[in-house]
Amino acid sequence: MSDSGDSAQHSSQGNWGRWGAEDERGAANFISTDLVRDAAGLVRTGKVYSLSLPVQQQGVPVFPRRAPCLHFMTLDGGDYAAGLKRKAGYQSADDYISLPTHGTTHIDSLAHVWYDDRMYNGYLGSLVRSTGARKLGIDKLKHLVGRGVLLDLAGWKGLRHLPGGAVITVDDLKGCARHHGVELNPGDIILLRTGWQTVFREQGSERFFQSEPGLGLEAARFLGELGIAGVGSDNYGIEVVPTENDEPAPVHRMLIRDFGVYLIELLALDELAHGGCHEFLFVAAPLLITGGTGSPVNPLAIT
Amino acid sequence: MSDSGDSAQHSSQGNWGRWGAEDERGAANFISTDLVRDAAGLVRTGKVYSLSLPVQQQGVPVFPRRAPCLHFMTLDGGDYAAGLKRKAGYQSADDYISLPTHGTTHIDSLAHVWYDDRMYNGYLGSLVRSTGARKLGIDKLKHLVGRGVLLDLAGWKGLRHLPGGAVITVDDLKGCARHHGVELNPGDIILLRTGWQTVFREQGSERFFQSEPGLGLEAARFLGELGIAGVGSDNYGIEVVPTENDEPAPVHRMLIRDFGVYLIELLALDELAHGGCHEFLFVAAPLLITGGTGSPVNPLAIT
Amino acid sequence: MSDSGDSAQHSSQGNWGRWGAEDERGAANFISTDLVRDAAGLVRTGKVYSLSLPVQQQGVPVFPRRAPCLHFMTLDGGDYAAGLKRKAGYQSADDYISLPTHGTTHIDSLAHVWYDDRMYNGYLGSLVRSTGARKLGIDKLKHLVGRGVLLDLAGWKGLRHLPGGAVITVDDLKGCARHHGVELNPGDIILLRTGWQTVFREQGSERFFQSEPGLGLEAARFLGELGIAGVGSDNYGIEVVPTENDEPAPVHRMLIRDFGVYLIELLALDELAHGGCHEFLFVAAPLLITGGTGSPVNPLAIT
Amino acid sequence: MSDSGDSAQHSSQGNWGRWGAEDERGAANFISTDLVRDAAGLVRTGKVYSLSLPVQQQGVPVFPRRAPCLHFMTLDGGDYAAGLKRKAGYQSADDYISLPTHGTTHIDSLAHVWYDDRMYNGYLGSLVRSTGARKLGIDKLKHLVGRGVLLDLAGWKGLRHLPGGAVITVDDLKGCARHHGVELNPGDIILLRTGWQTVFREQGSERFFQSEPGLGLEAARFLGELGIAGVGSDNYGIEVVPTENDEPAPVHRMLIRDFGVYLIELLALDELAHGGCHEFLFVAAPLLITGGTGSPVNPLAIT
């Protein structure tokens, strides 16, 4: 079978081959229907939190080499005010958006990052072309629904935000979870609140993207080996910047490519943290962009 | 208060004023936290259905005057194959999308349709300008989470699809619900399966958009007065075309503008219907497009 | 005739009514076929200068509230390197651009700026709607071809660039023209070299858009009354910033709306200035964007 | 020098190596400054013809797999009618366009088509990546200015349009030129009027793109060897469809890749043909899209 990877050869790496040579959903497979049902059982208050930033051109963080999110009105109330005729009184407005898939709160597909020419499960990187990712596109995920766990690292440490460059360690994950009274389990989606968006709001884009507190390699491996399905954060790239080994995105490489774990970036976590609920039904439903390397998403915490 | 509507004057119409003169969420307010919790209690198997069409340029229905969804790769595996250097082995792919907010499976905001220059709750249509809807944008909804009910009208009638122009009546809604053994309750999100996408697949775009089976005015009023939060369908516009009064979109006007009900269009309902589950936790999380008249969305049925 | 302006009432203002109540080409009408022929007669060396900045996302000035120019490849050589099959050996590449019409070197249409609800020739501003400008769109210009005159103000004054806020006066225009040995005539397109792009290159975008040297109101009136067809510059907005009266864009209002003169902004004039030719055949051919308020353009000086 | 082609090896093919191994302008080099000056001397009446179709979403031909041209207003007169405040009376409108570079009247860059992994002058096709063409981009052309010759083949043959599939031969070129009393010379830009857009207007897009009359291989070679700089037409792809050898685009391959000739497609030639002028100053000024495979363009015939 020409397109699939040589999984036998790579089976020692993370989760390659764990769900068959044809698998394209990666660590989302950890979430059995039983786990989904259990996660639904966590809903106690019925309060729903949106974890997305607003999608707009100004006032939101966009990674420097990416373009801003654009929103165009193709019909609006101004047209009627200017004299546009109504058919039998009907009035409507319509619009159009243009944005990078990683340009606001988003989820990375497993086709977003790789190395040695092999993506997750051994698929060739060359399957990602101008027409999109023939394998591992975000459309293959369809949904990420399971138990969400909020680790409010900034809150736990009594800081408005972790400092840029601060490495989140295994001890941090465990200590913070213990503090909140929650366990970390296979299939979980772990949300890490660093408070880093404070820097964007108070010091601007340049400082925000210059560094960030985030997951270190040891903690990434711990989460990968634990069998989590996804990890999200309110920073822009999950992982600590500058990276521990000075190479680009080592945590992305390990989690996405080796473990098939989904990364959810630029989350809005303040309101959820303020609510004080640390385990909940987590729902992320990416747009089913055929062959997409990611999707903007409005993840929900149903508590 | 200049921007809000004159709710007293219009309070006889649908739900205007029901949640205060400042309300921008409309019938989503029917979904109390209790109802969300109850809806989470409907999760029995843990199976999750995505109700979205793929987001892609070809092979999917787009309303004639709208533009197709576009997907551009800004970095891909081909670049590495062509010789792009890797920093310390790192490889990645990135992309960009451009699409009408109503160009694939989507949810209408309450700023999408109105008449007499007044939108839901009395807000002036002139608040919707080139910079977006200052009131009632899709960002105000944040999420639509509650009890979903699937009424498989085509299946109930033993048809591959209802015929174009077929009016869904109150008796249809009640009869189909009885057939499935489900009740219709306030706060519900009702999904109507007409099978109409069969026409797109077999006869193409022109025939698909020429007419459609859909909700009639009587049934729309029934649902509005019942207090549903949203209604979705696998057709392109929820309501029957040609419309019963030959005017444009009378059901949109009534449900969106008078009742503040959310319409979810171009749903993919076949797999859910095949699954045979008729009540479930429904989750739609629109992109929080500031001032958007709608949003592409990947709604989920968690069963 | 409902759409046309009330030209009689406004005939005292600039060129309204000069070419009839239906006119949409404004001062381009000054360029008779005789003047075009004469301008072609200015071609002596056959050397052609492009006066456009590159169209690209990075490294070029874009007015802060506008979006950058984007360029997407929809098929490229990387795809073949990655294994894309060729039909009978055929290989090709294709692409797509997205940009503000005023986002790079561009020409303003007469629908770009107005006041008192009336555009050039009395057309109502309310004719410019979400579907574009029903009157005075850039498609009505079709072309701007005539005698071009380069006034190298920075060079004349021995400066790398005029300072931000420096007002170009009538005396400057006359003195610089005399220095170059050229006359300013009706129908001309006058190009003003300020050197201001030096500030963009050396000090960045923020400083570049904070102020600029440019045409003052007196000189604008002089040019309008002289009967020029267009005026271009290497700055971002032709006119001096801060403006002389602290109001937004008084020169735009006067030249575009009162006189129907075309403004061409963000020109690349260094190479032409270095060439030392001060009168030439000027050719600007905007994209015929139906109802556009402007168009990106690559103006040429054929010397 | 790694990026340039191995021109020695390919020198027998067309114009490779003719202007040095570093050349990226191809047959545009045939147009010496003397030829530009001579072409300017062809201007007799001063009448200027725009040869571009309108740039708009509907009613214009767009090749099926490409996207339509989109035009969005970001500020318009409707906004003021709806109550937008004016700063000191200032009113303006602004807009944004999105379009395929080959989606309306356009010029192909030399990076648009190739075979055997080598583009014009031996440059590797793999230099064309997601960030654009590192060699032979349309920005390298800058302008195409020279003697234009209109061959009105449909008019000469007394047809409203040549039939689909009709091959334009060397005899056609010579016979038509003789009929018009014009010569075909090195450095010329030859415009072929087939009348084919009649089919679009009368029979729609599907028939228009199913076939077309156009240049055959023999005539293409004749033009290439003659040393023309460019060839344009009112059809969508210059060359006859179905192609003579049933392979994709053999004329593109020969003219663009072997001879470095510029192709200009979807021209509007009816008005020029009606004017009866067959030699003129031709000016095409592409947008300087860095690394573009083409550019929308509004070519002018200055007669």
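Which chain is which? They are A, B, C and D, in the order written, and residues in each are numbered from 1.
Everything below uses one rule, namely that a residue touches a chain if its C-beta (ideal position, glycine included) is under 8 Å from a C-beta of that chain, and two chains touch if they have at least 3 such contacts.
The structure presented is a predicted model; accordingly, all values stated were derived computationally and were not measured.
Asker: What's the overlap between the neighbours of subunit B and those of subunit D?
Answerer: Correct list: A, C.
Asker: What is the set of chains touching both subunit C and subunit D?
Answerer: A, B
Asker: So what angle, to the nearest 5 degrees, turns subunit A so that its CA atoms land on those of subunit D?
Answerer: 180
Asker: Name the pair in C-D, A-C or A-D that forms the same interface as B-D; by residue number, over half of the contact pairs must coincide.
Answerer: A-C
Asker: With chain centres defined as C-alpha means, what is the inter-centre distance between subunit B and subunit C in Å?
Answerer: The mean C-alpha positions of subunit B and subunit C differ by 45 Å.
Asker: Provide the C-alpha centroid distance between subunit A and subunit B, rounded to the nearest whole angstrom.
Answerer: 24
Asker: Residues of subunit B that contact two or more other chains, please.
Answerer: 67, 70, 73-74, 76-84, 96, 98, 126-131
Asker: Select the category (line, ring, star, complete, other) that matches the graph of chains linked by touching.
Answerer: complete
Asker: Please output the residues of subunit B touching subunit A within their complex, sorted ascending.
Answerer: Touching subunit A from subunit B are residues 32-38, 40-41, 43-48, 50, 52-56, 66-67, 71, 73-74, 76-78, 80-81, 86-104, 111-117, 124-133, 139, 142-143, 145, 247-249, 252-253, 281, 283-294, 296-300, 302.
Asker: Quick one: which bits of subunit D touch subunit B in the complex? Just the residue numbers, please.
Answerer: Of all residues in subunit D, those touching subunit B are 57-58, 65, 67-68, 70, 73-76, 78-79, 81-84, 98, 126-131.
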